[in-house]
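So the structure is just underneath, and the comments pick up after that.
Chain lettering (A, B, C, D and E) follows the sequence in which the chains are written, and residue indices restart at 1 in each chain.
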Amino acid sequence: MIGWFDAHLVSMVDGVAYGLLLFTLAVGLSLVFGMMDVLNLAHGTLYLAGAYTAYALSDGSWLGLLVALVVGLAVGLLGGGLLAAAVAPLQGRGHLDQAALTLGIMLIAGELMIMAFGAEVLPTAPPQALADSIPLLGNSYPLYRLVFIGVAGLLAALVYLAFERSSIGALVRATVADRDMVRAMGVDTRKILFGVFGFGAALAAVGGVLGAPIIAPGPGIDERVLVLSLVVIVIGGLGSVRGALLGALLIGQVQTLGVALVPAYAPFLLFGAMLLVLALRPQGLFAVGRA
Amino acid sequence: MTSTSRPGAGRPGEGRPGEADPILSVRGLVSGYDGSRVLHDVDLDLPEGGVLALLGRNGVGKSTLVSTVMGLVRPMKGSITVAGQEVAGARPDRIARLGVGLVPQGRRVFAPLTLAEHLDIADRAGRKGDWTKDRVLELLPRLGERLKNRGDQLSGGEQQMLAIARALLTNPTVLLLDEPSDGLAPSVVHQVADVVHEVCNAGMSVLIVEQNLRLALSVADRVVVMQKGAVRWDVPVDEFRRDRAKAEELLGI
Amino acid sequence: GGGTLGGGSDGADDSASEGPIKIGLLVPQSGVYKSLGDDMKAGFEVYLEEHDNMLGGAEVEVILADEGETADSGKAAADKLVKQDQVAVVTGVVNSAVMNGIVDLFETSKIPLVGSNASPTTLTDATYIWRTSYVNDEPGEALGAYVAENVDGGVYFLAADYQAGKDEVSGFKKTFEPAGGEVVDEVYTPFPGTTNFQPFLANAQSSGAAALFSFYAGGAAVEFVKQYDQFGLKGEIDHYSAGFLTEGGVLQGQGDSAEGTFTAMNYNYDLDNELNASFVEAYLAKTDRNPTTYAMASYDAAKVLDMAIEAAGGESDSEAINTAIGEISEIESPRGTWSWSDIGTPVQMWYLREVQEVDGELTNVVIQELGELGSD
Amino acid sequence: MSDQAALRVEGLSRHFGSLKAVEDVSFEVRQGSRHAVIGPNGAGKSTLFALVAGALRATSGRVWLRGDDVTSLSEHARARRGLVRTFQHSSLFLTATARENVMLAVQRRHGVQAQPWRAVARRRVLVAEADAVLEQLFLHHRAGQTAGALSHGERRQLEVAVALATSPSVLLLDEPAAGMSHADTQAFQEIVLGLPSDVTVLLVEHDLDLVFGVADQVTVMQLGQHLLTGPPEEVRASDAVQKAYLGAEDTSELFLEGPG
Amino acid sequence: MSTATTPGMPSRASSPRRSFPVRTALLVGVVVAILLVVPWVFGTFTVMTVTRALVFAVLAMSVNLLTGVAGMPTLGQAAYFGVGAYTGALVGIHWSELGVVQLVLATLAGVVAAVLTGPLAIRGRGVAFLMITLAIGEIAYSAAGRLDPVTGGTDGLSGIPPVVVAPGGEGLVNEGLIYYYVLAVAALAYVGVHVLLRSPFGLTLRGMRDNESRLRAVGYRTDSYALAAYVYAGGLAALAGSLWTSSQRFVAPGDMGFSISALALLAVIVGGVGSMWGACLGALLVVFTRDYLGQTFSGHASLLLGILFVLTVYLLPQGVAGGRAQWRRLFPQDRGETKTVTPV
């Protein structure tokens, strides 16, 4: 059964591409949640905003993609800034209030985007040069997804270095643990809030620009991206870049290889996998120990 | 509401021309939590280079006063000046940058951070000065043995030492100590006394809240006793020692 | 009025019958089905505009209600139309689950519902429910025999995992198997929520099937068709589908990937008849788009109401209108002439279409007739 | 094996990685005694308490409660047998009132579910008992206040109240007086002395006035190890203790009492 | 016994009542009176909307029991709601049209479902619990869509006979009567939960929310309490589900979807976490916004909900049922109390 094996090998590769896409979506949420302790349910909205940006600006040329990336970055930073400003007055009020607020923002922004872009799913073409499929292990595979694996891998490395290998991370975690004490040391914690939020949001929006050819923008995508991201970061362990990567790759495989193996159980795989992980390790695979 | 029995205490607005301006000065302070007032019209002066001991029974508002000075509790009324600058209602980080450092009650170490990370961020965040990581580790060698422990994996006393080290690393000019000896073994309590003497010699001013009367009296040059949110007695330490009856009455010794 | 138990009710009072006839238009204006709702709304309005806002010689007032995404939201909207706005008749409904959920409401209120899309196969014995669209399993049924005869080898089924998808597949098999077709496998993809079809397509590809029969609509249709191309199935395995796959705006999104896809549908905007020509023209003028089957069915619903209200004497009398609907024998429609089946759905012609590039634009082109369905 | 020992630990160890926080500690606490544990910061006293109470699993060693081996019992099971501790960092129900904090302890003793139809009458009993304990710890005037609104010292008092309200047979107190005012510490000393003689108290404290004011036995720990156990006089006289704990220098001149 | 409270200190928790709470009794009386006259004053659609809101209120109470009281935020209660709804529907179709029978069996089914899934759910706390319950909800949702022979698949289960109150009686078809049926059951549920919360068990759950490890140290087997709360909540959600079937006479998987769980959780937040009448009020607000305003401003239900959530979070930090202080802050009568600092 060579054919069988070949087909599943491609599924595995696709699982990596899909997993890395999930990583770019999820890692910002993980940082904002795990490090800032802010549950930002409007995270999917940022992806959607990035994806719509890609739809509106990319015209199949490299320049189009570049412009979309720059604008997407700006959109993300702006969105992150606005969200940070929105949740700032909620400090110390717990996750539920944050959830209600950001979910409210997600609903409002979602509807505004539908008004602007209509209710259709808007498929977005990758740059012409990457639009084709190439033979891979005897099967046809879209070139864009292969390139995406590389780019997202790079992004993952960057994020890892920025947060797990520098003392920014320690300051951010300290702020979560006891904001007042950090302020009493002379640190303006608002800067940290805006910084981390902007960074996480920019990642999500850039993820949206890059991911649009894979998960196209449309109504309801914000919610789906949010749920996928939540699953990924909870499996991986909140606030851990490594965890988000591992969780994303795991879910990527579950959603491709797993589905290919037992298509009849496809709707149960995602949440089944999460249940399994959480039942065994409620704190996630890579828990950043937290009080 | 106010019944300060301070002889010659400066009432707000009276002014005391000629005297050197205190580094920290509190006038007519009203403060508390969410509608409930804890402090009623508190006046207090900390002279530059001085050590002021703030005493009182549980729940009289000592920590509330300290927190209000640090900017962690918003004052409802009154004035707080640090080195001549009005800071009432200012954000804590601004107050910290003016040179106020805090060892809070209950330690408040950062549970998920390692001890080393604590020192690291305090060193970066605070002002530069005499106190460096090496120096605090020399002062509190126990900390050096626990650098990799997370905040919540330290013993109570170790946490208290860390809280002191963290505050020193920000090189404040005014040090607020809220029950620094809490949970420390007697030998370490001596060290705290030494530290207070040392920082004073270096020109720092200290406001210390203490239940350990021995420690408080051994370091302070002035004593303020609070009762029910108001200052009842504000005297030089010698005068305090002379009037044991009054001390007993106010502190319930 | 004196409240629900006081004998009265909200909305209009006894004088209601003197105003314009109230018609409820129940279509999604939010959520994933919004674009279908937009088409249906436009189709209905085109008919009204052509007839000076009169149906059957009577002034009408169209009251819009948002069906939303779920049975729950659709049911609440229907409740409002019937109980609060006290409409004489309702049209629209995209979602089959909504249709099932509101059957009781219309049957007990004795108000006719002229549905213009949703059409579960289980709905067979209602008195007040009509549908100008089709029955959910008919597109498949229309295609089954044709595929069995024209494809050399087995067929793989991939459909969205909800009732309509299952109906479509079983409809297909109803004519496919008797005609000697061979089923390779039958797989349902989670709906909604599947954006990556790679694993399903990979399985289909390695199954050795000669053709694929699929059922997708909306956003999923776009993704499915594009990935069908990207993962190299296009050109290797023929693709047959229920017409929704390439109907309306989705086709633009699919781009070249859709070329060569065969679908079955009860309508195409290029049908050659006079009524269709004027409909397409009016619809284009209004919306800048070519009409879809959704718009056409809604246009026909308006026409059915037009005829029925006229027969009922232009009165706002739900019972009379319902009876009159049943008595309509033939409806001239952009799709051609059709009539009611026993269960209140159209007896109509089905067409095989292929996606082709015409004048630089991708469109569905009718290839041949697949025969009439609905009479049995 | 002495059966009259209220609590006995044998070879108890707990390692955190390479750190031996508690290493091979054995000693016993007599029934009804007031037994203090002292030692420098980080000596392992709180860890020892956590091991005895069952909140931490021991790396090795055993714990006996009145002759029964309870090493394998969970924390709540040990608590039900009367082995209850207070926490060095106040651990309270912050949004509940002081009274409710204590009631949680009281009602656990009475059983939560039994006879729900008598809820009202029983509630009165529970409230009365809780108030009595609050009164005992000078907190009755704060009964209706949420624990989160109490000052540090008041929380320390409530911390003890919650433990006392379970009617423990062996009470582990981890620095109960830290943060209590001088006056309240003295009063607390009276409370401990006044506890019924069938209550065994094991006490960690750095306030030596309190330790020597109440203890009839003192255990000294250092670097995770058991240094010695003995009557207060013996411990006070020990050179090793002086060095390890009190600091090398003579301390008397620091403790200048105010004249009077 | 002394009940000294410092004046001016907010005291959310109950202390023993000093005297008969006249104001509370008055308030309860007014609310009950309003609820009773609804079908006589309002039109059918309004009554139906309030009926849905009442059903939703019971679900919100169940969510609140876990989230607000025991501190275990859940996104899976719609699963038990669905179990109850389908059980009620199946009992109604195949066995008995009697309301009591449906309610009891549906509740039992919910309890059984919660007993089976609870041990898994309570392995986590906080976010982990939230996500486990989300997974349970989603899996149940998918399963409902797939079990065609039992549940009617994604198109739902219709043809449910009207519920009968007394043996031999007529089925309830009039919306006003259905309203009273739902109101009566919801009121019973409310009283039940209220009593439960004022019992030692309720206090224990609040203790769990505040500080589970201390509770363990005092001798509580906290996992048992978490499970008990979960089972109670499951039963309550299923009860709501049965009411849903009786009032809608139709069930589809969408009724047990993520959005129902999420809306119930949001209703609790809007109402004021931990407060039962807050949860009910929140449910009323959410359903009214979605079904009533959402239809009035056709197609903008989610926009309106979004605005509702944002506004309540900012303006009423403790929810609609929160203390009077926040309302006063919203509509200041005297400026004397504001926290302005007057520098000297």
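Worth a mention:
Methods note: a residue touches a chain if its C-beta (ideal position, glycine included) is under 8 Å from a C-beta of that chain, and two chains touch if they have at least 3 such contacts.
Values in this document were obtained by computation on a predicted structure and should not be read as measured data.
Here the chain-to-chain distance from chain B to chain C, counted in touching steps, is 2.
With chains reduced to the mean position of their C-alpha atoms, the one farthest from chain E is B.
When you average the Cα atoms of each chain and compare centres, the chain farthest from chain D turns out to be C. Inter-chain centre distance (chain A to chain B, centres taken as mean C-alpha positions): 45 Å.
Computed centre separation for the pair chain C/chain D is 74 angstrom, with centres defined by C-alpha atoms. A separation of 32 Å divides the Cα centre of chain A from that of chain E.
Chain C and chain E have Cα centroids separated by 37 Å.
Residue positions of chain B touching 2 or more other chains: 36.
Counting partner chains per residue, chain E shows two or more touched chains at residues 6, 9, 142, 145-146, 300, 302. Contacts with at least two other chains are made by residues 149 of chain D.
Interface of chain E with chain C (complex): residues 38-49, 52, 142, 145-146, 148, 152-156, 158-159, 173-177, 179, 248-250, 252-255, 257, 259-260, 290-291, 294-295, 298-302.
Residues 70-72, 91-93, 95-97, 101-102, 104, 108, 110-113, 117-118, 120-122, 124-127, 150-152, 166, 170 of chain B are the ones touching chain A in the complex.
Across the complex, chain D is touched by residues 1-6, 9, 11-13, 15-16, 195, 198-201, 203-204, 206-207, 209-211, 213-222 of chain E. Remark: chain C residues 1-6, 8-11, 29-30, 34, 64-66, 68-73, 75-77, 79-80, 83-84, 96-97, 99-104, 108, 120, 122, 161-163, 166, 190 touch chain E in the complex. Chain C contributes residues 30-32, 34-35, 38, 161, 187-190, 192-196, 198-200, 202-203, 205-206, 218-219, 222-223, 226, 229-232, 249-250, 253-255 to its touches with chain A in the complex.
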